[in-house]
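The structures considered in this document are given below.
Look at the two complexes coming up: chain A is in both, with chain B in one and chain C in the other.
And then the complex of A and B:
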């Protein structure tokens, strides 16, 4: 997270607000607002959600929408809307852990590779290549096999698996930046490599990093929900959106709504995040 | 070319060795002794314990153990599943067919529909292009497991066209049973490939050789077949190959959603049962398949595009 704070502190903060609005466009702002709204609902679930996530209304099982339960209830009489809102917590927190971890490692790796160049660059690039060759989902399954299921295990393995994606893009953007004359100028002035990376290289490629991290957030959300769907991430009765989709008996008993809602929520959230990420990347 | 292939082969071997090392070494990163991990929560007799210790060479240095494991894996011997008291290789070969069928089926769907829709989108009427683009936009945002659930609800539960679970037997039985799973697996990649095909065909339409050919008065059909499609194929083949490699991890999700008894399902039940010997074996097979496919795509890409000089490695 410290890197993210650092990026917000970049010298041109004054212009960032205006440029950000310009970049995002109307669609981007709507999409970002939607995701923000979901995040707020997740953060204040205890206030927003009408019921506790595991509150069972025995008289109202598998009911359709009503005044008491806006989206109806599941087979145990739990309020579907409340479970969606509470489920947003792990669904959004997980991807945040993934991209924070991946971005920090990627920044360290990319700036070291670009600054040192030569053999160091080659070694770092080869290590990144190796992790490219290891599918994130399989890495997470291997880690769960060793350490048991859970959000932290899954998020950490995906964080490692996502690092090369962010690092590769960051590295090539930094390489371009490194060859610019002003870097040579501050280098001549005797600024240390670390200081140049922190003050010049990273802030100046920040839009690439932000956009890559945002797009990765969407993919991480899908992968973590998939891991929950496989029973390796969040464990029932706790639920994230992936757990809620994993309910084949609801389909077979003719209550598809409780499975379709979380599915739609995932699709909408990922579409919104990806759109914002692409807008951030556009010049 | 021989030098290029040699280098590709070398890097393939290095990647395979490294990933097998990671998969085997993870046994020693786990909390508790390798013994505890291998046996999970199964109680075993001293005789079995001694047999497993001997099989894994647990009393020898780590590298020796790895060497024994890797060389017997190369010969198709993955040891004995402690949970099921059967050979791991036997369990794998019993279910691998379903997974292979599923991946091949999905690959055919991706290649056929991805390229077809992309070409229609690029060359067809504007309205059709618009609706295909909307569909692919939605398609690339739908995760595989959500697609599986929607397909089950619509085509298996509501319309009853396809069975809800099971892999079927015989070629046509399998084809029928695996249609929904393969569609779920292919959906994302079809949407993605359609977009890539559309863009690369569009780009080629305005390229110099195509304009020259058109100016020479060649029939549009000839121009499209000889110049547009052929040149557009390079990015298309690459993306298709990478998507197919990506399917390998996706099979785990689809097999779980449709209750198919394949490698992915075997991996998941082994994780659940703490049957680590099987977890290692299936992980190794899936990761190797992924790495080999990726390397083949790399080689194919170089062969298709004469502009890429084998030997100049771009970082």
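And then the complex of A and C:
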């Protein structure tokens, strides 16, 4: 009896954390930990990386793995491991900018559309459809053509291009919530549309938003790497993983490892992020 | 009837796809300060829609005509800001299923204080104090602890009390209770209704009480409006309604209550099934189920008329008043319909 009472009255601390763990599963936690590790390595690159990214060891060019250079050096004698770690900074920061921007605009658009309904919804939905029709890479190339290459240019244009993807899913989830009685109940209390959207609508569709943002992170990482590969994003000598993959001389000289490492990192990181996103989306 | 609320010729059509579907026709009733009007009817008869229309909760693409006057001002012409003020201070609404009507992600206390803090700029602590006091009044034990819990930790009856408290906190002049006890079990129902009525009385609030339970409506309303297929078919005092129902539909409803004392083979019933406003036949909406139907009933919708101080929407009321033989609805004398 007392046990039952205790159970019923147990405080709810850690409820959200527990549900998150349940949702992610073992695989999801491993994947999330992997991405987190990469992010930490990127953030503390100056501590973690054995060398500065552009430090050139002239005596050891294009060398294989050694004690001094765990993954070897490139044709200019730069430490490959260090370049990968430093390269993680723009590689991860870019997608973060993309999804932050896209999520903020998408939430604004979706909640306005859902709250106002009718014609406003129609107009917003059509604008979103218009951007749907616009390929993200093409938009980025256009912006780069106008404002020159760079991480910000690419991230911002991809952020715009990714908005409709997040907005559309969020809108439909919100539409379902909008007609539920608890929204009417706060509406009749006289709460403003803004307050209801922020405090009630968005929190109740947060799992959809999180999963969409996470999955989009993976896509953005690939797109930004592709832009780098094309020479439109990060400019040498600075490098992200996309730039590192684009190293013909290494291939020509028979050192494919230099190109394979960043490729593996991109694939592993995108897979991990997408897996986490899918786990978040599963009910 | 010097009214707090006057609803006049309210008609509502809602959009489904490209077509407009009627849900309310010519709904008119008035409510004085401190009065209770019960809206009674089957599902789909337009009770809830009437309440939603008063609160301005209809979908934006619906078509509404008629007037809803509150203290003489038309609610429908209010701006967004005025509407929020109206909802925050003048009129409150209680919903059918408290579990669905309270956001599960916030603490119960937050639900209660949200409007006070955000819309009236009250201090959070002050608002919480008032919420706790009121929670105690609606019969929530240990409110301090309860208000810190989440909705899933409270029972349905408790949550409905929370809902009532949330409305009373705003001290509105008008309370709309949309089947506040339908989702609760019998014993809880009685408690919740008693609390609702006590607190309402103490504060002199007027109430529109929506229910499909005639007994409940009769127990504590000043007038009962019977709705069918989006029309009000009769408005009467509980005593008069019981003694002398004017509309055949009301007669049928009264006849089809099971009597505990009598042993009957079968409870009398109204033949056919309830019609929604969109499905109602031309003419009187009840004509396809009415045992007293005449060719005239299918011609046009009868006007609602004053008869003995009550209102009824039936062309034959005068003739039928004498004939109060409810046996027309008994299962043995089944008039052919359809």
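The definition used in the following text is that the second predicted complex is superposed on the first by the 269 of 283 C-alpha atoms of A that agree within 3 Å, B and C clash if a C-alpha of one lies under 4 Å from a C-alpha of the other, contacts with A are read in each partner's own complex, and residues count from 1 in each chain.
As a working rule, contacts are C-beta pairs under 8 Å (C-beta built on N, C-alpha and C of every residue); 3 or more make two chains touch, one makes a residue touch a chain.
The shown structure was predicted, so the numbers you read here are calculated from the model rather than taken from an experiment.
Trainee: Using the superposition on chain A, decide if chain B and chain C clash or fit.
Mentor: fit
Trainee: Quick check for you: in the superposed arrangement, does A:152 touch first (chain B), second (chain C), both or neither?
Mentor: Once the two structures are laid over each other on A, A:152 reaches no partner at all.
Trainee: For A:118, decide between first (touching chain B), second (touching chain C), both and neither.
Mentor: It touches chain C, and chain B stays clear.
Trainee: Considering only touches as defined above, state whether A:186 meets chain B (first), chain C (second), both or neither.
Mentor: second
Trainee: Return first, second, both or neither, reflecting whether A:70 touches chain B, chain C, both chains, or no partner chain.
Mentor: neither
Trainee: Which of the two, chain B or chain C, is in touch with more residues of chain A?
Mentor: In the superposed model, B touches more residues of chain A.
Trainee: Which of the two partners, first being chain B and second being chain C, lies in contact with A:204: first, second, both, or neither?
Mentor: Second partner only.
Trainee: Once chain A of both complexes is superposed, is A:36 in touch with chain B (first), chain C (second), both, or neither?
Mentor: neither
Trainee: Which holds for A:195: it touches chain B only (first), chain C only (second), both, or neither?
Mentor: It touches chain C, and chain B stays clear.
Trainee: Considering only C-alpha atoms, give the closest distance between chain B and chain C in the superposition, rounded to the nearest Å.
Mentor: 8
Trainee: Would you mind listing the overlap between the chain B footprint and the chain C footprint on chain A?
Mentor: none
Trainee: Can you list the chain B residues touching chain A in their complex?
Mentor: Residues in contact with chain A: 15, 18-19, 22-23, 26-27, 29-31, 37, 137-138, 141-146, 149-150, 152-153, 157, 164, 246, 248-250, 252-253, 256-257, 267-268, 270-272, 274, 276, 279, 283, 286-287, 290-291, 294, 315.
Trainee: Flag every residue of chain C that touches chain A in the complex, lowest number first.
Mentor: Per the stated touch rule, the residues are 52, 55, 57, 59-61, 84-89, 91-93, 95-97, 100-106, 111, 114-115, 118-119, 149-150, 153, 163, 166, 170.
Trainee: Flag every residue of chain A that touches chain B in the complex, lowest number first.
Mentor: Going by the criterion above, the answer is residues 121, 125, 129-130, 133-138, 141-147, 222, 225-226, 229-232, 242, 245-246, 248, 251-252, 254, 256, 259-260, 263, 266-267, 270-271, 274.
Trainee: Quick check: in the complex, which residue numbers of chain A touch chain C?
Mentor: 8-9, 12, 116-118, 180-182, 184-192, 195, 199-200, 203-204
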